[in-house]
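Labels A, B, C and D are assigned to the chains in the order they are written; within every chain, residues are numbered from 1.
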């Protein structure tokens, strides 16, 4: 955790930046949005960045000479540098590729690197709490190449079993792929330690930071990772954009993933050479408005302060867990209160299916998410098919947590 | 061409929908935007659809129970049906996948189908006027699978040599991949004829409709094609979204391209089964705002009338070519005036490099595009490295063509 | 605060907590299973036909899942008794939501109609009109 | 209507139409090539050093491309005469645009600086400080 002093958030002021939070749903209650791990809400400056783009300088990029294209190109290219800086990548745009989401970032590396580098005898080590985006991707690429997949155990309290990791990672490990923060358990994995372990064995490490980057300062160089991915729509940015950080030398050496305009240098009917990173990995007309708006989201989050956001969520989570523990027929998953933990709380109420619970919560204008949260194998190993998940962000309040508790209580009574 | 009666466009009214067209560039001239083949401008209803999404119902889709997710899911899913209908696909969402652009649509089929189906002895037939998005993609997938690529000749007037196509397509042809409209020459290829030829030989046909769908009615079933792709940002829609049409049975039988959340049905640590089309091909949090806004763009274009847009562009192009022919030191590429031809006019002025020409045009606030337009091999075979391209859309006027001509004349005098 | 709680009106909760016709039949004429991936609902419907091989004598179900799917299976199996296979085939989404007596939200309709689709597919398979492995609503 | 036409002020057009120092040297001390993919510009710069192996006696270029790249190569090769390799290495983007005497738009700067980068890379290779195959500005 960062040692920088963090200011408490002025949540009321922050909420005014998010027009959707003033919205009423259903019978006229004001929306209580606790589904932030799925998608965060979007502040005015980001929404405005999109409109300003389309109203002011919408144009295709890279090769255009005219004013609009020049403005769009500069803004789009600089957005890469901005996001690189946001996660501590000193190489700027040479280490930061825009993808449509975290999932594409994983697929990019799994296809461009994995399909070529993996083979029989090799293995990929993941954790049992991987999101489907990495779990299914590496599983399938391994199947296609004859490599093996291994999963590091998660214990009953949601901690990663690092001893088990040390058993699994060996000289045949080519990639360690881990979440930074579990989107179900709120667990933080010891990324720096895993990076060390991977590198000791000559393996690479890919970190899925979809649940980390939006919520706390992340520095990929301090963590010592090779690849790191995250999504715009979970960090106050727009849909349709994500980022892949990759160490400059690795990205430079990698073959492209998708082919097309913009990623080439010289094309003949017979053969093609590639453009520089990141363009080599961005085939076709890129995510222009999305990339520019994501840079705006990064500015927004840094203006508020990532340390402060982290602290705010920590307080809300502690408070919520305390209140949830009042119910003796409610089970909370993941590390116990008091431990390091992010603003994601998943639970089940005895005798109430998570989807029924979510429907009743919705009645109270409380938006939570029921289901397996794209972690079916984790849910299987916990012996459940679904859980209810509340997840907090910078604009949430204790009053909203109280409303959550009240709604849960209503469901309990209804189903009693 | 459609036989439906088409109303002339009320261009002045249309222009009011596009805020950017009121913009001044450089020294204060009003923008004359003739770079529509690269990216079209965006009308208010589409810009508003994006803001309304973020202000009103931004949420992750598919599995959410709460109000916002329900609204977003329905809008996002229905957007697929809307775009399917827009290109005459009767299967609705089961035949329409959202991708980030035309390029990804091509890569989807080339990877998911091509990597598995192509092998030594097989061949893929393209045209010499393919955009890099198909040319490089099939070229590279062919290299990786040992298949051969063949290019159908384009004659000096920009016509596709269909006799040559008949020579090239044989029993070993697995895919015919062709542009519908050349983004350089304005040529329309005989798609229905090529589809017939492909199918006679047991081959599939993929059509790159990036330059067709924005400008005229397209009916994939009438054309009889297997796959058809186009991009949102060229049809008054947002960046970051494109469409892949595929015949229902073909898409249903295909393996996925990318892996992750949303595209799965059942996941275990060992194996995974797939969701239905289109979700099987949309891994991760999808392009939600983008898809919804693209449906709005389809509505906008149909309200204006695709036949009318086609006719308007045809008239502008005829007029522009007539005026360009006044210069005896200017060479126009593609089919001569009077022939079927879309609103793309590429040319070179003797002794003036296309990029210098574009810079001088920009001085006149005229936005055109110089370069190889992602068709290096075509430019090579025309014996040029670059061309200047003006491309028209529904909001362009004859007065703007006159401004183009004036700017060209200025460049001529400067370089005389 | 209406729609949601409404969706769980007393009758539904009653059927959920005390499902009717729950269990397996000794001698079903046909039986079929289905899943709703949204909530992980699973339902098996078993049907015993009269000697006319057309009228439903009784129906039963087993399964697991959310209140909406389980309650609607309970109500539906009650309702099926005495219906002909033709009448079963003619049932639609509205018939089920009428049974439930509530407005089911668009996302949850898949839960509500699962047992109906399973019964219909089971009958269609029995009559040789369809081949389905596992019925799915999504 | 300034910036663009401005970019082609008389002097640039003059150098473009009548390039100085165009051609190949008989006995260059070093020569190097570069490309600017934006405009497809290609430039070869050849340099002949004085006997001190340090001062540029004369420089020449050949190439093809847009007016900005060709004119700036013409001006630069004029300018190089008498410079030391150290002075050449110290030249920056502004020195070239000063030479051109115009504001080059951000997109076209790559054209303007191509010959400068080629000359600098050529010198660095000659002095064993760098290994470059083809210099690129993009």
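Note that in this section contacts are C-beta pairs under 8 Å (C-beta built on N, C-alpha and C of every residue); 3 or more make two chains touch, one makes a residue touch a chain.
For clarity, every value in this text was computed on a predicted model and none was experimentally measured.
Comparing the chain pairs B-C and B-D, the larger number of C-beta pairs in contact belongs to B-D.
Ranking all chains by how far their C-alpha centres lie from the centre of chain C, first place goes to D. Inter-chain spacing, taken between the CA centroids of chain A and chain B, is 31 Å. Look at where the CA atoms of chain C average out and do the same for chain D: the two points lie 80 Å apart.
Chain geometry summary: the mean Cα position of chain B and that of chain C are 47 Å apart. Distance between chain B and chain D, defined via averaged C-alpha coordinates, is recorded as 39 Å. In chain D, 38, 105, 108 are the positions where the chain touches two or more neighbouring chains simultaneously.
Each of residues 26, 63-65, 69, 355, 359, 361-362, 370-371 in chain B touches at least two other chains. If you sketch which chains touch which, the pattern fits none of the simple shapes: not an open path, not a single ring, not a star, and not all-to-all. Contact between chains, as defined at the top, is found for A-B, A-C, A-D, B-C, B-D.
Only residues 26-27, 29, 352-356, 359-364, 370-372, 385-386, 410, 414-415 of chain A touch chain C when the two sit together in their complex. Those residues of chain A whose C-beta lies close enough to touch chain D in the complex are 63-65, 69-70, 73-74, 265, 275-276.
Contact residues of chain C toward chain B in the complex are 37-38, 105-108, 138. Considering their complex, residues 1-8, 13, 17, 38-40, 65-68, 105, 108, 111 of chain D touch chain B.
Residue ranges of chain A in contact with chain B, taken from their complex: 19-20, 23, 25-26, 31, 33, 35, 38-39, 41-42, 46-47, 50-51, 54-60, 63-69, 100-104, 106-107, 110-111, 128, 131-133, 135-137, 139-141, 149, 151, 231, 233, 238-242, 258-264, 266-272, 283-290, 355, 358-359, 361-362, 365-371, 374, 376-377, 380.
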